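The two complexes that follow have subunit A in common; it is paired with subunit B in the first and with subunit C in the second.
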Partner chain A sequence: MIEELRRIVEERLSALDGVVALRRTPEGVAPFVFRKGDDLSELEIAPKYPLMTVVSRLHKAFPDIRLGVVARGCDERAYIEMAKRNQIDPARLSIIGFACTAEEAQECYCATPYPQQLLVGTPPPPGPVNPIVAEYDALPLAERRAFWKRHFSRCIKCYGCRNICPECFCEACAMEDAAWVEPGLLAPPFPVFHLIRAMHMASRCIACRECEHACPAHIPLTVLYDLMRRDMETLVGYLPGTDISAPPPLSVKLDQAPLRMSGVGE
Partner chain B sequence: MGVEFEPRVIAFMCNWCTYAGADNAGVARIPSPANILPIRVMCSGRVSPEMVLRAFRAGADGVLVMGCHLGDCHYDSGNHRTIKRIPLLRNLLSYAGINPERLELVWVSASEAPRFAQVTTAFVEKIRQLGPLSQEVTE
Partner chain C sequence: MEYKNTLTTCIYCGCGCGLYVETVDGAITAVWPAKEHAISQGKLCIKGWNATSFVNHPDRLTTPLIRKGGALVEATWDEALTLVAERLMTIKAESGPDSIAVLCSAKCTNEENYLIQKFARAVIGTNNIDHCARL
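Up next, the complex of A and B:
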């Protein structure tokens, strides 16, 4: 599979300024822009890393650059949400998509472990729903509170979840604003800090699990974000990362993103 | 014990509809609960999730978000944002283990002074039944 990817990257490089992918060096694996003539045997696909953040930075820094990117399903979903919020220019990006392995899909609880623009590999069966999410509605309020207090009390406020997130690109972050999150408190006050982020993720989270992988305190953040993803679908039929032509539902009028539930505000 | 619990409720009211409705309730001498602490905003769509969470953090036992009915927004579609945001935030509160009934979205127009009194009274009574938020968050 990786040989075929390398071959496609080499082909595409003739018409592109570079291809963003992972590269193996003696120090480890890291994002890299492969250019014509580079040694493509160094190109890797694991471990998983959110490459669309790199693409976005390059697109902003070099307004004419034309790039390719080696992308998993979650990378493509990140691209879809970033492009409609002007973080990536679709006209200057070509996606070289590959399917994840069945084990990866399991580990990530991934419903779509392959991109829409799939070039290499065969789609594995979708991963299961996170069992905590599947059972969550049956939990009484007091148990939910106890669950999150236990986990959030370990938070060291490192902002790793935000920094790794491909959908966190605001120039001013509410989680750093003293008006909303008092500085100097560790763990940050329950539950404000984490709920601000969860709310901001509501129409954006593409379930890549990077925040959870990055978290040094092993807080199961995606439980909260998976529930918000489900709710966005129930509320306005919006599943982030699916449709590049669907406008961000929370910032448009009701005729563009109608409510699918009744009784609100009455 | 012995001191009866008096709920503290922060009500975000839109300048163009609900705030005027509250004003008219006062002019018409329609009693509404003194538990309501009004915060005037230019539009219910201005009420960010951060503002609601800060209200709870600052000691509110309940938060009301009040604005113009759909179709009456002074800014055409500010309340289109509110109507999607508040249900999501209610769900999120419940996922964190906070009773979502502590947050409510209500439309009250400038001419609905009796409705203002009625919905604020009902909300304060509901919060009185639920008890103080601190009981939920600090236990």
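Up next, the complex of A and C:
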């Protein structure tokens, strides 16, 4: 599969300024921009990094640059939510999509482990729902609060969940604003610190799992975001990362939002 | 356009977490955790995530400073090192080697810390050695 990806990248490079992908060197694997003539045997696909953040950075820095990107399903979902918020210019990006393995889909609890623009590989069966979600659903309300309190009390406030997130691109962050989060506390104030991020992720989280992988305290962050995604889909009919033409529901006027009140709290 | 990720080790504590410094045309644009790093395994603390913030900081010292008459005055490395050597020799002669202590740093490599403890023990003649990671 990777040989096929390398071949397509080489082909696309004739018409592009570069292709964003992972590169393996003796030092390890990191994001890279392959240019014409680069050694494509170094192109790698794992461990994954949020490559759309790199695309966004380069699109902003170089207004004329035309890029390709080697993308998994989650990369493409990140692209969809970033493009509609003007973080990536779709006209200057060519997506070279490949399917994750069945093992990766399982490990990531991924419902769509392949991109819509699939060029290489066969879609594996979707991964299972994270079993902690069902455990959480079975808890009474008071214990749900205790569940999060227990996990968030381990937080060392590294901001890694925010920093690694392809959908976190605000220039000023409420999680650093003393008006919202009292400075100097460890663990950070519960629940406001983590709920700020959860609210901001409501129409953005594309379930790439990067936040949970980056968390030094092993907080099951993706459970929180899976629950937010489920609520967004149930209440508003919006599943981030699926439709580039669907306006983000929290970015439109309230009187235009398709919020259905029935079902709230059910 | 030159895009690079340079693997390095966090300079803050003694854990030695692995991170990439991302640069675009030579300017630092981000820090990425090194996901395959044996110690940090793709995780960083707040210091690692901000490990590059001092690099181009306006408060960063770019030349040695010597306090003269209460004010810090820019000096050359030769002037500064000569002054330090002379003062250490004077203090050792007047008050003995145990009047001097050496504080080394987690920001240095093992080899640099080895050298400074060797300097303390063999050159100055004291076992007064401590480390910022114990503070």
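FYI, the second predicted complex is superposed on the first by the 253 of 266 C-alpha atoms of A that agree within 3 Å, B and C clash if a C-alpha of one lies under 4 Å from a C-alpha of the other, contacts with A are read in each partner's own complex, and residues count from 1 in each chain.
Just so we're on the same page, a contact is a pair of C-beta atoms (placed from the backbone, for glycine too) under 8 Å apart; a residue touches a chain by one contact, two chains touch by 3 or more.
These figures come from a predicted structure and were not determined experimentally.
In the model built by aligning both structures on subunit A, subunit B fits alongside subunit C without clashing. Geometry note, superposition on chain A: angle between subunit B and subunit C about the Cα centre of subunit A is 100 degrees, to the nearest 10.
After overlaying the two complexes on the shared chain, residue contacts for A:Tyr114 are found with neither subunit B nor subunit C.
In the overlay built on the shared chain, the residue A:Leu58 is in contact with subunit C alone; subunit B does not reach it.
In the superposed model, A:Tyr79 lies in contact with neither subunit B nor subunit C. Which of subunit B and subunit C touches more residues of subunit A: that partner is B. In the overlay built on the shared chain, the residue A:Phe98 is in contact with neither subunit B nor subunit C. By the touch criterion defined above, A:Asn163 reaches subunit C but does not reach subunit B. Contacts of A:Pro249 after superposition on the shared chain: subunit B is touched, whereas subunit C is not. Contact with subunit B, but none with subunit C, is seen for A:Asp231 once the two complexes are overlaid on the shared chain. Superposing the two structures on chain A brings subunit B to within 23 Å of subunit C, judged by their nearest Cα atoms. On subunit A, the patch touched by subunit B and the patch touched by subunit C do not overlap at any residue. By the touch rule above, subunit C contacts subunit A in their complex via residues 1, 3, 5, 7, 18, 20, 22, 24, 29-37, 42-46, 48-49.
Residue ranges of subunit B in contact with subunit A, taken from their complex: 48-50, 53-54, 57, 69-70, 76-77, 80-89, 91-99, 105-107, 136-137. Considering their complex, residues 17-18, 27-33, 47, 49, 53-54, 57-58, 61-62, 65, 156-160, 163-164, 213-216 of subunit A touch subunit C.
Taken together, the subunit A residues at the contact with subunit B in this complex read 136, 141-148, 174, 177, 179-180, 189-192, 194-196, 198-200, 202, 224, 227-228, 231-232, 235-236, 249-254, 257, 259, 261, 264-266.
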